[in-house]
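In order of appearance the chains are A, B, C, D and E, and numbering begins at 1 in each one.
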Amino acid sequence: MNILSLFVLIPLLMLAGLWASRTLNQTRGVMLAGSSALLILAIGLAVEYTNLRQGGATADMLFTDSVTWYEPLHIAYSTGVDGISVVMLLLSAIIMFTGTFASWRLKPMTKEYFLWFTLLALGVFGFFISTDLFTMFLFYETALIPMYLLIGVWGSGRKEYAAMKLTLMLMGGSAFLLIGILGIYYGAGATTMNILELASMSIPANIQHIFFPLVFLGFGVLGALFPFHTWSPDGHASAPTAVSMLHAGVLMKLGGYGCFRIAIWLMPEGAQEWSGLFLVLTTISVVYGALSAVVQTDLKYINAYSSVSHCGLVLFALLMMTRTACTGAILQMLSHGLMTALFFAVIGMIYGRTHTRDIRLLGGLMRIMPFLAVAYVIAGLANLGLPGLSGFVAEMTVFVGSFEHPDLFHRVCTIIATTSIVITAVYILRTVGRILYGTCKNPEFEKLTDATWDERTAVICLIACVAALGMAPYWASTIINESVAPVIERLACS
Amino acid sequence: MNIATLLHMQPEVMLACFIIILLFADLTIRQPNHRILQLITIGLLLVHLATNLTLSEETLFGGMYHSSPMSSAVKSILTIGTLLVVLQAGPWIRLSDNNHKAGEFYILVFTTLLGMFFMTSAGHFLMFYVGLEMASIPMACLIAFDKYRAGSAEAGMKFILSAMFSSALMLFGISLLYGTVGTLYFSDMPEHIVGSPLQMGALVFFFAGLGFKLSLVPFHAWTPDTYQGAPTTVGGYLSVVSKGAAAFALVNILLRVFGPMAENWELLLSVVIVLTITVGNLMALHQQNMKRFMAYSSISQAGYILLAILAGATGTAALTYYILAYMAANLAVFCVINEIEQHTGGHVDRDDYRALYTTNPRLTLVLTLALFSLAGIPPFAGFFSKFFVFAAAAREGHWIVTFLALINTVISLYYYLLVVRAMYIDPSDNPAPTFRTGRLGQLTLVVCLIAIVALGLVSPIYETLCQAAMLTFGAN
Amino acid sequence: MEYTLYILLLPLLSFLILALTGMKWTHRAAGLFATGLLAVAALLSWTAVADYLALAPDATGVRPELLPFCFEWLPFGHGLGINLGLLIDAPSVLMLGVISTVSLMVHIYSLGYMKGERGFQRYYAFLGLFSFAMMGLVVAPGVFQMYLFWELVGVSSYLLIGFYYTRPAAIAASKKAFIVTRFADLGFLIGILIYGYYLGTFDFRPDPAALAAGGMMLPWALGLMFVGGAGKSAMLPLHIWLPDAMEGPTPVSALIHAATMVVAGVYQVARLFPLFVTYAPEVLHAIAWVGALTALYAAIVACVQTDIKRVLAFSTISQIGFMMVALGVCTSTDPHTGGLGYMASLFHLTTHALFKALLFLGAGSVIHAVHSNEMSAMGRLAGRMPLTHITFLIACLAIAGIPPFSGFFSKDEILTACFRYSPTIGWTMTGIAALTAFYMFRLYCRIFWGKASQETEHAHESPAVMTLPLLILAALTCVMGWVPFGTFISADGTPYEIHLDMQVALTSIAFAVVAIALALTFYLNGHSTVPTRIEKACPKLHQAAYRRFYFDEMWQFVTHRIIFGCLSTPIAWFDRHVIDRFMDFMAWSANAAGEELQPLQNGRVQTYMILFLGGIVALTIILLLAAEGMF
Amino acid sequence: MELEIHVFHYLVVSTVMLFCGIYGFCTRKNLLAMLISVELMLNASNINFAVFNRYLFPGQLEGHFFSLFGIAIAAAETAVAIAIIINVYRNFNRVLTDDVSHMKG
Amino acid sequence: MMDLSLLDITFYATAAVIIVCSILAVTTGRIVRSATYLLFVLFGTGVIYSMLGYTYLGAVQLMVYAGGIVVLYIFSILLTRSSQTMRYRIGRGRLAAVLAATATGAVLVIFLLASQHFALVAIPQGVELPAREIGHAMIGSDKYQYVLPFEIVSVLLVACMIGAILIARRHK
């Protein structure tokens, strides 16, 4: 039994356990045990992976394994991880762990909620461990659909609309994706769906030119690529806390990861051909998202647009196709995942108390709920790229890497993209100033309490991770950088 | 001719014997006998399923009858479908209006099934035609089975008139074909098929007849009215078993007879696929009545089935697999609709399903998963079947059609989610009361559920079908 | 000198401990704890200064640069990466000494000033963070570390300005400070990117080969980096945040917005000075003009402000302008031939840090006594607050350039350097120096003399814990000028003997004395009508100066009207109403198409069969046409 | 004695018959009248089979038998259709398509 | 101008009757007449079968259709009082659509048939298809023999009978 399969097996066991659970405490127990197990597993994997690498393992992917599944189509359940997957798995495990705590007191239908939640996590983990096109796609879609119910049933506001919009747009993206996958498979004349083997084949350039944009767009929708990002504000605004966390924290990363792992790695020539157009779109995403966030009045909208901007930066960096930029992109995924989860967690907790997310109605929370307020500030600072927190590391890597591209057009795009850090500061500080500082505008709020222990656990975990990545980025940066290398080499050859 | 010949067509012969057994049972067992008859039918179908193991290629009656591993597999699938339909018929057939007609119901079901068997293993157009009619005419009786319900009568009328119209046109098409070819044996025809204009016309006329059975746009219009009016159980039967047989018959004839005209029928199919999926989806958006809704859903599903046919020999395994996966999901949905209809006094509107989760969580879950499977959401069977179909079509280079079909999955997801939304999200003042599903109903749902989950994850099923397809059509 | 690491770590420790557990501490314990840690850090810094100066210079008189600690923090690949470490050389130890000294003074002072304030622990935590960041900035061996701590400094400044977070003005000011500097930092960042790309390193001392190859892009890199420096150092037109930053507690203003953080820009240019001089002299001279303009502008505005902290803030801007000018007028690294300004600038930076901190702390003491920032609430405080008065006077004399106080010496060097570069700039700076003397004494008079107000009735001298730092700083101000600064620090590291250019010195003294005299006549007794009359004579000018020449309004216009009004709001609208609507439209059109198709399904078999027939006919025709090759 | 009529002439007759049937089916509102029209359509194909068989492929009796079975099946169909129409009449009291079109949309 | 033999004339006369009666059957306003015209068409078809030498087929045509089905029609017409409801006609728009579709279809089919260029063949008259041959073909199981469909049709007819009775039977 491969260690990686445990990432799928544990959620499956959790699903069974949840199904069987009869009381609220049993449900929580299953979730706690399962998500802790996953977290430990992810950490263990990270340690083991690092050891192996230091021990001189040079294969592109480690822990590879493959079980033939559908012989006629060469579909296999193949697994394998490189540095990128390892950090993504770690991220997912962290978010799932904290998400469990963030929804500790969720009502009603707690059991069902966690069932869907775990199914979503199953999809995410499966996606990151897979190296088979079909299996990846399978897990990808598995992760998408629970969103509908999670938002629709447990969400708030215009939840039905938002849930439907999100699901349909993402599924629309996956329609593009599927045709792209088939294009790769048949275009390469392949006898395998394993990415590692496909990467060693060469797909004809004309095929790449057709299917690269489809795959990129397919994943790009999930990565909030302009102009297909509009599901994100509504979806995030309506989703319950932990779902926002998991969605913005992990699910949106599936987009970036897929773009890198499938679109760019397998179709380098297509990537070169199309990078111009997509670069423009992602640059727009970066600036546009940030500018839109400036005038929003709903906390979650602000953060959703901020996610558009930050995830745009991920795709932006990937398209720069330099090693440093791609490393930066992955770091940005990691960092954005953590800090945006933190953000959504805190926003959700504030919303749970005040029942409003309108920044015009909030104020003076620093005095009423200092813990949450401080957490919010930290999340905000991480978002605007304060050194010592994760955002800085990621953004700097992205910018330095993007600037490595000697082309003037790329340079201009980079410079335009850097302006987002100023705009980010504007909307973060505006929000902080409005809701945390100042005086309380609603006497009702004076009675509100600060975070409970479960919420504190979630928030502290996330802050710790954000700070850890921000202060000691060497490990993450190095293992990502190593793993990015094969892709860049392939790009360079094309 | 000898007895051995009959053994080679054992599925059909057995089925014919079953009809006689049922006839006698119906006459000899005292009324009300619906429960016993149901059990007998189930038993007979199980026996049939167990004994249907022919995997060799057989040509009997001078080419009139042709069975292949694939047709054998299809027959098994159809039998399973029928079994599931019979299993879920309980709550409906025991109604006081119907319980004395149970014998007729099962006989008619068997007759139509027999017709479909002949349709799928025909080697001659006459056989095919007779099989087709045998699958249609008693079906009309089944549709009009609730004869004191206006809807059922109306549906029966629409079905029989449409069926006659389409079969007349198809007959005309066959006659034209005969005029150009000079024979009606499938195996002798391809050498005379040259793609002359008259043959093209004949192809379209013939295709329309099967398009009617498959409810392809623009030959689909009877479908919603019929599904809505027909007894729900029959609706399920019609949507799955009848469609499956027609699909296989179509691919069989297109490949065996019209093989030289592949270019023509690929174009024909492409147009019809896009129309079918799109129109089916668009029309389904506005449906409130669940049966009608499922009718449109089945129209759009037929488009995907056709997509597999478009892939030709490559697609046959995907086609059969698709039918299987579709059958599991669709019959689960119809079973749930039927249960709710029978337990709430005929409520079949989507609004009646509001907040169903609060009262009947398990039923809701089954329905949800079935709908997800229909929409092609992993890890359910529908996802795999759709993927295989798309893969087959893409492999044959039908990228644009595949792409349009894929885009359409998004629309279909929308309307399936509307149902899910009604059940989980929308509030309701008086949701359907909590009720217990009967044993056989539960069994149906469990079987469907297992199929929905396991069909995709367990690969040997598809691989077996692939082998059968390879043996039959030489496709790999 | 490995212990220098602890100079950084101690404030950080103070920050971390107070931030994580501060709420559980008593005010007194927290304050003493932080102060104690900082005192140790300060002691270590002084030791470091001493140790460094004790190092034997090499043959040319240059002291070695030490790198006691360095590690790769974040690798980027291609040999690039962010290295964190400590670069110990003359400017950095000097800065360490200055920062830790002022910071210690402020820590001690705040024990009294902030007594009883809500969030006292938080205050000390932030002070610790700031001290850590500022010292990290000055010891940076590379430009990226500088940027990193630069941002941290910015954020601690933000947190401290917004310390009174329930006051709307403080919130707005903190936001403004951060965003304006952040905007400037964008330039810094892009500069760094260019620097790193073309020179292949982020170190301050790039490889000569790389310099030769990538040197032509260096003016851009340096110019853009200076934008960052200009933002931090409140150069025109990015100065607008500094006056508003006075909303923070006064000791904070003393530490951050007078002595240390705001001179980061100067320090940055000084750090990059060799590159500036060699590869981008034109940028350097542009900096000089920016500095001169800023100094002039700020001095004029300072003359008419009535909030004492604002006056001090503008004076700070003006003085930083002096430092910038000093750097900008350099033409070589040799202090004897054209590199004098470098030494002068850093000298002035040091003296200014001390006397400006003194001024602010003194002002804080006054504010503490009268509970107001407005001049109108003060007057005749000399008797009531003798210690404050004396120390404040010393500082005023220092800034006015009256010997023997420290300001005189450093300013004199600056003016000398200016005159060497160009008489125009020399005379301009001399004039500005006179203006400085004028407005400082206006301030002095209106606080300590002039008319008494109601608030002054109950004013009394501050506690010892506040006056002690004043006295220490005053003492330093007195002696600092006599330090042979040039022997320790010069542009190329070689010792330089400071000698007064008597002509320049006398002129500037004369100007200063006249200006002081004028100020005393106008404001000493508080009855002179001259100022009012001048005000009346040119109301527009006065108004303009009072409103700081409408820079805030301009920025307000740019940010609110253009960024918010013309970009953000339309984009948000566009997103909701065009892009999102387009997605909705697609859904809607599918729905509408479905509805349009409904009539076909009219329930009549005839219609269905017409459709059927029509379908057959159409399909046949399509097939025929296709066979004819029509498609 | 030989009959020398071009096949085409028969085909014209059958085609006209077919389309008459179609026309009738689509224009009539009475269900029985529609059924009568369908009879015409079915009959048309039968003629075709017989004619093709006799004229073009006289060797075997395929068309002949097709016609024969066609007649039988048509009869069966008609019987069932009439039964259903009678049932419709019982339910609706009328046999007009306009009345029997409650299900639509 | 080709000269017409008696047989030709018989054929064309029959064809004319068939066409005219077809048209009348679908246009007449009285349903009983419609059924009668249908009868004529069926007779005409029977005549054509006979002319082709398929006397057996002609006989079946007459017996099953004329003897069975048309009678069934008449009964059901009376049973459903259909004669009263024949006045309802479809709207003009739809009529135009039907006419257009029908006419296009007819033209298309005739065009297709014409494009095939069937050969002109003469068939001998008076040569009947022997009933023995038909019988052999009907019960044989080899190629060109039809016992299997024959048997199936019997099952079909049984099923239809059961179904029709089920539907039409009035009481429980």
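In this text, contacts are C-beta pairs under 8 Å (C-beta built on N, C-alpha and C of every residue); 3 or more make two chains touch, one makes a residue touch a chain.
Being a predicted model, the structure only gives us computed values, none of them experimental.
Peer 1: Both subunit A and subunit E are touched by which chains?
Peer 2: B, C
Peer 1: Chain by chain, through touching neighbours only, how many steps does the shortest route from subunit A to subunit C take?
Peer 2: The distance in steps between these two chains is 1.
Peer 1: Let me spell it out: compute each chain's centre from its C-alpha atoms, then which one is farthest from subunit A's centre?
Peer 2: E
Peer 1: If you average the Cα atoms of each chain, whose average lands nearest the overall Cα average?
Peer 2: Per-chain C-alpha centroids compared to the overall one single out A.
Peer 1: Where the centre means the average of the CA atoms, what chain is farthest from subunit B?
Peer 2: C
Peer 1: Just the chain pair, please, that has the highest number of C-beta contacts.
Peer 2: Ranked by contacting C-beta pairs, first place goes to D-E.
Peer 1: Centroid of subunit A to centroid of subunit D, CA atoms only: how many Å?
Peer 2: Distance between chain centres, rounded to whole Å: 64 Å.
Peer 1: Between subunit C and subunit D, what distance separates the C-alpha centroids? Give it in angstrom.
Peer 2: 96
Peer 1: Could you please state the distance in Å, as a whole number, between where the Cα atoms of subunit A are centred and where those of subunit B are centred?
Peer 2: 42
Peer 1: Based only on mean CA positions, could you tell me how far subunit B sits from subunit C in angstrom?
Peer 2: Taking the average C-alpha coordinate of subunit B and of subunit C, the gap between them is 77 Å.
Peer 1: What are the residue numbers in subunit D that touch two or more other chains?
Peer 2: 7, 11, 18, 21-22, 25-29, 31, 34-35, 46, 56, 60, 62, 65, 69, 73, 76-77, 80, 83-85, 87, 90, 98, 101-105
Peer 1: Quick one: which residues in subunit A touch 2 or more of the other chains?
Peer 2: As it turns out, subunit A has residues touching two or more other chains at 168.
Peer 1: Mind pulling the residue numbers of subunit E that touch at least two other chains?
Peer 2: As it turns out, subunit E has residues touching two or more other chains at 90, 94, 98, 101-102, 105, 108-109, 112-113, 118, 144, 146, 149, 153, 156, 160, 163-164, 167.
Peer 1: Please list each pair of chains that are touching.
Peer 2: Once each pair is checked, the touching ones are A-B, A-C, B-C, B-D, B-E, C-D, C-E, D-E.
Peer 1: For a test of understanding, state which residues of subunit C touch subunit D in their complex under the given definition.
Peer 2: 598, 601-606, 609-610, 613
Peer 1: Which residues of subunit D touch subunit B in their complex?
Peer 2: 7, 11, 18, 21-22, 25, 31, 34-35, 38, 41-42, 44-46, 48-49, 52-53, 56-57, 60, 62-63, 65-66, 69-70, 73, 76-77, 80-81, 83-85, 87-88, 90-92, 100-105
Peer 1: Hey, which residues of subunit C end up touching subunit A in the complex?
Peer 2: The contact residues of subunit C facing subunit A are 72-78, 80, 82, 144, 148-149, 151-152, 155, 158, 162, 165-166, 168, 171-172, 174-175, 178-179, 182-183, 186, 189-190, 193-194, 196-197, 563-564, 567-569, 571-572, 575, 579-580, 582-583, 587.
Peer 1: Over in the complex, which subunit B residues touch subunit C? Could you list them?
Peer 2: It is residues 157-158, 161-162, 165-166, 169, 195, 197, 200-201, 203-205, 207-208, 212, 217-219, 221-222, 224-225, 264, 267-268, 271-272, 279, 281-286, 411, 414 of subunit B that touch subunit C.
Peer 1: Which stretch or stretches of subunit A touch subunit C in the complex?
Peer 2: 165, 168-169, 227, 230-231, 233-234, 288, 291-292, 294-296, 323-324, 327, 364, 366-367, 381, 384-388, 392-393, 396-397, 399-401, 403-404, 414-415, 418-419, 421-422, 425-426, 429-430, 433, 436-439, 473-474, 477-478, 481
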